[in-house]
Structures are given as C-alpha cells and as structure tokens.
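Below, chain A partners chain B and then partners chain C, in two separate complexes.
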Partner chain A sequence: MATWKKLIVPIVITPILLLLAYGFKTNPRQVPSPLVGNSAPPFALSSFDGGTTGLEQLRGTAIVLNFWASWCFPACFEEAPALEAAWRAYKDRGVMVLGVDIQDREADAKAFIERFKLSFPNGPDPQGRMSIDYGVYGVPETFFINREGTIHYKHVGALTKQMLQGKIEEML
Partner chain B sequence: MRRTLLSLLIVGVVGVWLRPAVGVGLEEQTQLLAAELRCPVCQNLSVGDSPSEMANQMRELVREKLKNGESPEQIRAYFVSRYGEWILLAPKRQGFNWVAWLLPFGAILGGVGVIGFVVRRSVSKSRAPREGPLPPLDPRYASRLQAELKEWGQ
Partner chain C sequence: MISTLGRFTMALALGIALYGAIVSILGARRRKPALIESGRGAVFAVFGLATFAVLLMEAALVGRDFSIQYVARNASLGTPLLYTVIAMWGALEGSILLWIWILAFMSLLAVVIEGKRNREAMPYATGVLLSISAFFLFLAAFPANPFTAIFPPPADGRGPNPLLQNHPLMAIHPPCLYAGYVGWSVPYAFAMAALMTGRLGEEWIRTVRRWSIVAWGFLTVGVILGGWWSYEVLGWGGYWAWDPVENASLLPWLTGTAFLHSIMIQERRKMLKVWNLALIITTFALTIFGTFLTRSGILSSVHAFSESTIGPLFLAFIGVILLVSFGFLVYRSDGLKAEGDLDSLVSRETAFLMNNLLLLGFAFAVLLGTLFPLISEAVRGVKVSVGEPFFNKVNVPIGLVLIFLMAIGPLIAWRRASLDSLRRNFSLPLLLAFLGTGVSSILGVRGLYPLLAFSLAMFAAATVIQEFARGVRARRQISGEGYLTALSNLTRRSRRRYGGLIVHLGVVLVVIGITASTVFRLEKEVSLKRGESMHLGRYQVRFDDLTAWQEAHRFVVQGTFTVLNANRQVAEMRPSKRFYPSEQQPIGTVDVRSTPREDLYLILSSFTQDGASATLKVLIRPLVMWIWIGGAVMALGALVAIWPDRRVLAAEPVKERVAWQPGRS
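For the complex of A and B:
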C-alpha cells in the first residue's frame, strides 16, 4: 500500500510534466503547412498592371510567391526591399518573384508598390481563393516553388536578403 | 391531453434527431461546416463566428463548394489538405488525438475515484472501534457529569 502511494504521484505527475514540456517547446503560432513537399496548387494571378500569370505558364521556373498587404506593418515593409533585390538579382536566372496582395484596398496596395518601387508582378486576391488554396493564415507568408512545381519551403514572417538568397539558390 | 403532449414530444425529439439526415438548407449547412473550421486569423474563433474578411471568404468558399455538389467530408478534407488538421476545431477521432478526447473523461473518473477513496477511508476510520483504554476523564467534567446524570435519573 505504501509503495503504491509513493508511486502514484510520479505516475500522475510525469506525463503531465512531459506534455507541458512538449507544449512549451513548440511555437503555437507556427503551423506546419501540409503543402510543403507537395505540388503547388494551380493559380492565375491578374496583376495590377494588367498582365496575367499562372503556375502552368511558369513551369520550369523557380517561383517566390509572396503574400502581403499594405497594412501589414512592419513585416511587409521590412521584406519588400529584399524581395525587389532578389527579383533584380535572379530574374535572368529562371526565377520569378510574384506578390499576392490580400485583404487590401487597391489604392493602398498600389501606393505600397510605388513606395518600394516593386517591379515584379503583384496582383490582388479579391475572393481570397488563392490565399485559402495556399493555406495562408497571415501576412507575410512566402512559398518557394521549385522548377518542378513542388513547394520547396514556406516562410512565415518577414524575409531577409540572406534567407531569400539561400532558398532561391537551393531551388536552382 | 397527456397523450397529445407525449406525441408532440416524440415528434419533436425524432425531428431533431432526423434533421441532419433529412437534409438542411444550403445556408444552414454552410454555417454548420463553418462552425467546425478554425478561423486562421482569429484567436479561438470558428469561421462561422468570426466577422473577419478571411472567415467571410472561407464561408463563401464553403457555400460555393456545397452548391457545386461537394460533400461536407470532401470540403473538410480540402481545408485539412491546405491548413493541416489544425484547421479543424475538434481533432479527428484517430491515433494520438484520442488523448484529447479521452483525457477529460479519464480525469473526471480519476477525480471521482480519489473522492470515493478519501470518503470511504474517513468513514471507515470513524466507524472503527477505538483501540486501547479511554484516557482518564478531566476531574472538573467528571463531577459535572455525575451531577447531570443524577438530575436526569430523577
């Protein structure tokens, strides 16, 4: 009886402590995407300047697909120059940078593009279909799609120049 | 009167029970499905309850998919394929998820067991015959007790 009494406390407490330790170790805001390693969902993006581009047209090209919004401060403001720099550095090496503006006003989005002199295609997602199809739950989120059309990596939060360079080089 | 009330009660219960099987309207079905999905941009709100733009877009997509003849199971599977199981407010009843489903019942059973054990122990302790001789009575109370017993005896 006494041994049983001594054991009951660790038997009950240990699994609870282990569960808590596991819970504290994981980031509750980091939701792993089931899309990574799978084929990218098809999309057709009509850009603000009138052009249209889609996944099918871009087969054989590595794509950096960035979801952003003009109200997303500071993260989207921080990464915009890095995205533009990556586009300029890699556009002649088979890389396409695409911006998808979500839950935004067109005038504000255009002002954002103008402010950062973004020259890569940017377009709205008026019905939110593309963001839902990509499992987006916040901005900014960026998908790196390799030449075979498979999602190589998903990044949540602001991108840095080094991170962009590293992930693009992995896809080339 | 009692018979009528009983029949009404039976019809009501059977009606509520059969309602999902008989088929609900598109709006209601959209709302039912939206209530099962987690709003990605909110704190612990379902897509059905959230007023956010993203939840609105998700509800619209659910409605459209239902209109196109997709089953609720197919729609749930679509959202899980995009967001992972995280998107479901209630985890699927499979594998490790059973812990989340069964742990509360286990905790309740355990609590009931502990309370039962403690109560049984205290009851059996109070019922158990006292071992050894009684301690000597305080002389102050002894004389008072004798006086009162005498009084009662009369």
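For the complex of A and C:
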C-alpha cells in the first residue's frame, strides 16, 4: 500500500478535530459588554433591611455588584455562599458587595437571604431601572466596579470563590 | 433509593457492555462459540438494564422525587403529567439515557434478526454496537449521570424549559430524531464487521439495506417534526433557520440519502465499494457530531443544552471513530477494487453518481457554513455568524438539480439508456412540466428558482405517477384486476422500487410546500384597539378581547380574534403569551389555522396592561401543510420499502435447513 494512502487519514481528520477542540476555548454566547472600561451607571439601592446606598456614596470603594433572583436555581444558589465569603474576607479592605434582586417576590427574596445567611446589603430593583442601565440579560450577572467608578469586569453566570478573589485583588 | 439504584444500574450496564464488546470480538477472532454467545447475552442484559433505568427515571419524574437533581431541574409540582413524562428527554442527562435505551433496543433487534443470517459478521457487529453503548453508558455513569442526588432536596423543582412544555410535538420529535441518529449505528456496525472480517462483498450491503431505510425514515420524520415544532412553538412563522443543530440533523440525512442510493449501484454493478463504506462511516460519525454540537456548547444555537463537561469526551469519541474506521478502510483498500465499470454517461449509474456528488456537496456546504464561525474565530480572531443567505444561495441550486435527478433516476436504464426509452419515459412528464411552469407563472410565480422549483417538482411527480399508472395498466391488462388491487399488488411485488417512488413523491410535496410558503408569504404587524380590524390577503382579523388567568404553573394572557373571509366568519383564534415564574421572558404561543391552501398564523406581540389594545403579527404562508404531509408520505414510502416480504420470510428457514443437511437437497 502506498504511503500517501496511509497518511491521508490522519492528514484529513486531524485539522477537523483540532478545529472542534479549539471550540471549547471559545464561548459563542459571550458578547463583550460595552460597559466594561467605562464609568458605571449611577444607581441607588434601598436594601431589604432599610438602609440605602448608591454609587456616589461608595466612590473610593471597590464594588462587586451582583444581580440575582430567588428563582434562579441553581446558579444563584451556587454562588451565594461564595459572595458571602468574599464579603467577609474583604469588607475591611475597602470592598463592598451589593446584591440586586430582580424580578422577584419580596418574601421569596428574604427567604433566600435567610437561607444563605447573606450579611451584605441586598435590595430590590423595583422598576427594573438598574437592570436596564446595566444591560442585565439574565441572572446571575456580576459587575466589578473599581475605586474610580469604572467597570473593571463583567461576569455572566455563577461566580466561584477563586474568581471572586482574583477579580477583587485586581481592583485593589 | 432511586438514586443509588439508578447509579448502580448505569455502572453495571457499562461493565457488561464493555465485557460484551471484548468477548464478542475475541470470540469471533478465536472462533470460540461460548464467548460469542456470552457477547450476545450482554446485548440482552444491557437492554434489560437500560429499560430498568428508563423506568426508574420515569418513576422519579412522575413521583416528583426532587432528591434526584435531574428531577429537581426538569420537573415541578405544577407541571402537567405529559410534560413530566417527556421531561426525560428535555435535558442533557435524560436525553443520553433515552439514547442509551434506543441503542440498546436497536442492538437487541439486530442481534435477534440478523444473528442467524450473518453468523460470521454478527459477533463483530455486536462488538461494535456494544462499544458504542459503552461510550454512552460511560457518560451516563460518570459525567452526565441522570441519577445524581441532591441534598437537601428542594420542596419544588424548576420544571422543564417552558419552550419544551408548550406543545405535544415535543413528545415525539426527540425520540424520532434519536431513533434516526441511533439507527445508523446498526449499518455502521455491519460495515465495520465487513472491514474486520475482510468479507467485503455485497453481503453487508444486503444486511444493512433495511436497517438504513429504518434509520433514514426515523431521521426524516425527526427532521420534519423538528421543523413543525419550531413552526408551531417558536413563534417566528418559519420552520427552518439553518441553526447549527438543525444543520447537524440534516448532515447525516444527506449522507445517509446518498448511501441509500449508492448501495444500489454496488448491488447491481459491484462498483463504489470504498465509497459506500466511507459514506456509512461518515454518516455514523455525523450522527455523533450532531449530538456533540448540541451538548458541547461550542456553537451558539437555540437548541444548546446547558454547557457541560462532556464535550471533550464526545470529541475524543469522534476522533476514535474516524481514525479507526477510516484506518480499517485504508488497510483493506486493496480488497475493495470495483468489479464493474461505467458503461455510458446516460445511465442510471451516472444519475446516481451525480446524485451522490451533489448530496455530498450539499452536505459539505452545510458543514462549512455551520463551522465557519469557529473557523473564522480560530484563523482571524473575528466573530461572525453565517445565516440564511449563505445556505440558500449555495443549497437551492444544488437542491434543484437533485430534484431533476430524482425525477430521471428511477426511470433511466442501468448501463446505457437508449434514445427511444428516454423519449418513451420522459416526453409526457416533460410536457406536463412545461405546462406547470406556464400555469405557475400565470399564478404569479416570478424568478428563476421558484419557477424551476415548481416545474421540476411537477416533472418529478409526473414521472412517479406515470410509472405507477403504467404498472397498474399492465397488470390490469394481464390479470383483469381492479385499479386498487392492481396498485397494491404492483407495490407488493417490488416494494423497494415503489416505496422509493412514494418517497420521491413525498419529497416533491415538501419542495412545493417550501417554495410556495417562501415565495408567497405575506405578513403584517399592527396595533389594534378592541373592535378594530386589519386586512391581510383574503382575511380580515378583528381584535375582540383580551383575557388573563393564572394556571398552576404559569400565568396566561390571551387575545381573542375573529377571522373573517369575505365578511363570513371562518375562525376565532387565540394567540397568547405565557408567563412562567422561572423565566424572565414570556413565551409567546401562536395560533395557527391550517388549511391545505394556506396557513393563517397569529402572534400576539404585545398588549397594554388594561387590555384595550394589542399588537398583532399576522402571517399567511401558503401550502405549508404540504411540507408535513410530504414528510408523512416519505415515511410511508420508507415503510413500504422495508415491509417484510412474506414469501422471503417463509423461505428462509427452509434454506438454512437445507444448508445444514446437504444430503437432502
């Protein structure tokens, strides 16, 4: 049998496999947010426990702004403990973690906060103003806003402890 | 309990499949009947375990056992029973379980039906089938285990994706499609058995003929039902969007169709041996590729399952299939020399060869368009998407030539067609085609492609009908049978031929439906106040009312519209929007009024809170129904072609007894 015949199989098949393997590195659904690198849209958040805060008051603080909902199972359930842990680890180092509960019932949201013992401020987004300003497409989505008020990074989907730590460290 | 039992079942089935694959091939190589028998037993055991696993999963779903993660994610207390039962194929893990079961069932059928006729090939084919089973069982036992437990169990589950609990077609589209994909495993297994044993004659072709038609039939129905589901549920008025996953189901259909035709040449003329093996390997690999696309998340698609870790495993599996199969093919290529030769350019062989090249060209264009976003990102770093214009531009002309070949292929003679036979077979259809073109152009069809589509469809239909008419007339003259008796006897005498012709007629209907619904489509979007009307085509649509209510698992807002045709009320239609608690976007539910002449398609786009006005999108799509009817006709043709022949079945055991007792013959 001619050598070229033996070689033709791997020569034809390998590039196809490599191309498909390359596909794992890409995320077709990821459309870069135009907000990244620009100043964060101003917001005011009234938390469920009565406090209020906003972008103006938090200038000089790095913010982790997390959009969630109590019905967003499993992603929001997975990341809630990570957010709480990050809040506890970094709250004394000039980092604020804020939760924005969107399209939700208040009772369900409070039960969610209770379930995961969340101690960082969480508040509703009554008219969906914040979701619209931040171009929130689904939950969970998280914006990392640096001390200058610029959006440093946007993450879609559940966060992990390592990722939170890495992105927060980058902002400090 | 169910979780433990389920996981144990999957692991056990995996072990048995692996064992069976090894002993089957070992037994065949060393000629040890005990090992072969043991491998055969493994097929039965895997089927039993797969059936048990499916029943377990259904018990968990119907019993709303939310301690199983899959149930918690895909069922809920408020989900109706039907959608709870079919939630088994609503997400990744369950769909793999369904896949496993269908494969186990097909393997069982193959072993039972073909075991006696193919004593030499069967153990190898069993080994291949069990290896494929083992791969899917591995997925189900480890990375995509449907029986993974969740602790503590939630009080209620999330329920299936709303799009998947909106239409009963969801109950049959995925199983048909899977049967269409999985079905190709059997022909592939026998092709591999032929390569392994080195018996490269026509035996394997004769064995897989019927299996291929079964797989092809299911795939056809699966693809068409997918279009129908998309048309009825997704609410954009279309049935085919060249979405990667739709393309993935079309690819094996195209290569499989090529295979069904080219094996006829090998049977008749002992040509194209390598080509046929390559085609079946490609078709099988494409079925796995389709599954890979849906489950790996490498391309953006409406069908994508949640991203999971099984993508790399699938890719490795595809790599192994391609390298091993084509490796064997190259290794055996010396034994695959053609024994026949092409005699003339005007012959059925040539028509079939052209048909094969065009189907492959079609498939290549679809594959290229599907993968182009990936190629572009890899090579240039630019994200692009390839849409309808590309696919239509490339594939419409190819499709038209294919219809032409479909019309002449079955009537042209093998080897060399004489001018006289061409004239006899094609003058009447050609005349009808010209007449048809004239009529469609009078009816307002414009443009080269639509006109060609209609005239070629007419030509193809005329050849098929002429063929049936001639056969019936001949029988009537000889035996004096009635028309229907003659038709049924004719078909029964040569099922494959007439089954194939029926399939071609189905294709013609599909082509006519697609062309008419694309060329003559009308659409309009308007806001209406209560009592106001809008006009489109022959219809007047009046907005009567808007109502809303809460159901167990969703909130529904429904508009009521009266449809009038020439001031006579013809229908009351109720498109709605459904709000599911777990989704941000409401799910639009269209209302379609189908008639053989045209579909009226109503979409409720939006409404004001007080219900005083509503925005309505109205579409008229002529002859859409004929696409679904055409699909049914194609399935019917496939059924006719595979229907067991009583005479052959009765004759077979006798043949075998004779073979074992030579003294008697």
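The criterion applied here is as follows: the second predicted complex is superposed on the first by the 144 of 172 C-alpha atoms of A that agree within 3 Å, B and C clash if a C-alpha of one lies under 4 Å from a C-alpha of the other, contacts with A are read in each partner's own complex, and residues count from 1 in each chain.
By definition in this document, contacts are C-beta pairs under 8 Å (C-beta built on N, C-alpha and C of every residue); 3 or more make two chains touch, one makes a residue touch a chain.
Since the structure is predicted, the reported quantities are computational estimates derived from the model, not experimental observations.
Chemist: Looking only at contacts as defined up top, I'd like to know whether chain B or chain C touches more of chain A.
Modeler: C
Chemist: Name the contact category of A:Ala111: first (chain B only), second (chain C only), both, or neither.
Modeler: neither
Chemist: Touching A:Gln103 in the superposition: chain B (first), chain C (second), both, neither?
Modeler: Once the two structures are laid over each other on A, A:Gln103 reaches both partners.
Chemist: Of the two partner chains, chain B (first) and chain C (second), which one does A:Val36 touch, if any: first, second, both, or neither?
Modeler: So A:Val36 meets neither chain B nor chain C here.
Chemist: If we overlay the two complexes on their shared chain A, which of chain B and chain C does A:Gly138 touch? Say first, second, both or neither.
Modeler: After superposition on chain A, A:Gly138 lies in contact with both partners, chain B and chain C.
Chemist: For A:Leu17, is the partner it touches chain B (first), chain C (second), both, or none of the two (neither)?
Modeler: In the superposed model, A:Leu17 contacts chain C only, not chain B.
Chemist: If you stack the two complexes on chain A, which partner ends up touching A:Lys6: first (chain B), second (chain C), both, or neither?
Modeler: second
Chemist: So, does A:Gly128 touch the first partner chain B, the second partner chain C, both, or neither?
Modeler: Only chain B; A:Gly128 stays clear of chain C.
Chemist: Of all the chain A residues, which ones make contact with chain B and with chain C?
Modeler: Of chain A, residues 103, 138 contact chain B in one complex and chain C in the other.
Chemist: Residues of chain A touching chain C in their complex?
Modeler: 1, 5-6, 8-10, 13, 16-17, 19-24, 26-29, 71, 73-74, 103, 138-139
Chemist: Where on chain C is chain A touching in the complex?
Modeler: Residues of chain C touching chain A: 72-73, 154, 158, 292, 296-300, 311-312, 315, 318-319, 322-323, 326-327, 330-331, 333-334, 371, 373-375, 377-378, 581-582, 584.
Chemist: Quick one: in the complex, what on chain B touches chain A?
Modeler: 40-41, 53-54, 57-58, 60-61, 80-84, 86
Chemist: In the complex formed with chain B, which residues of chain A make contact?
Modeler: 31-35, 41, 103, 127-129, 131-138
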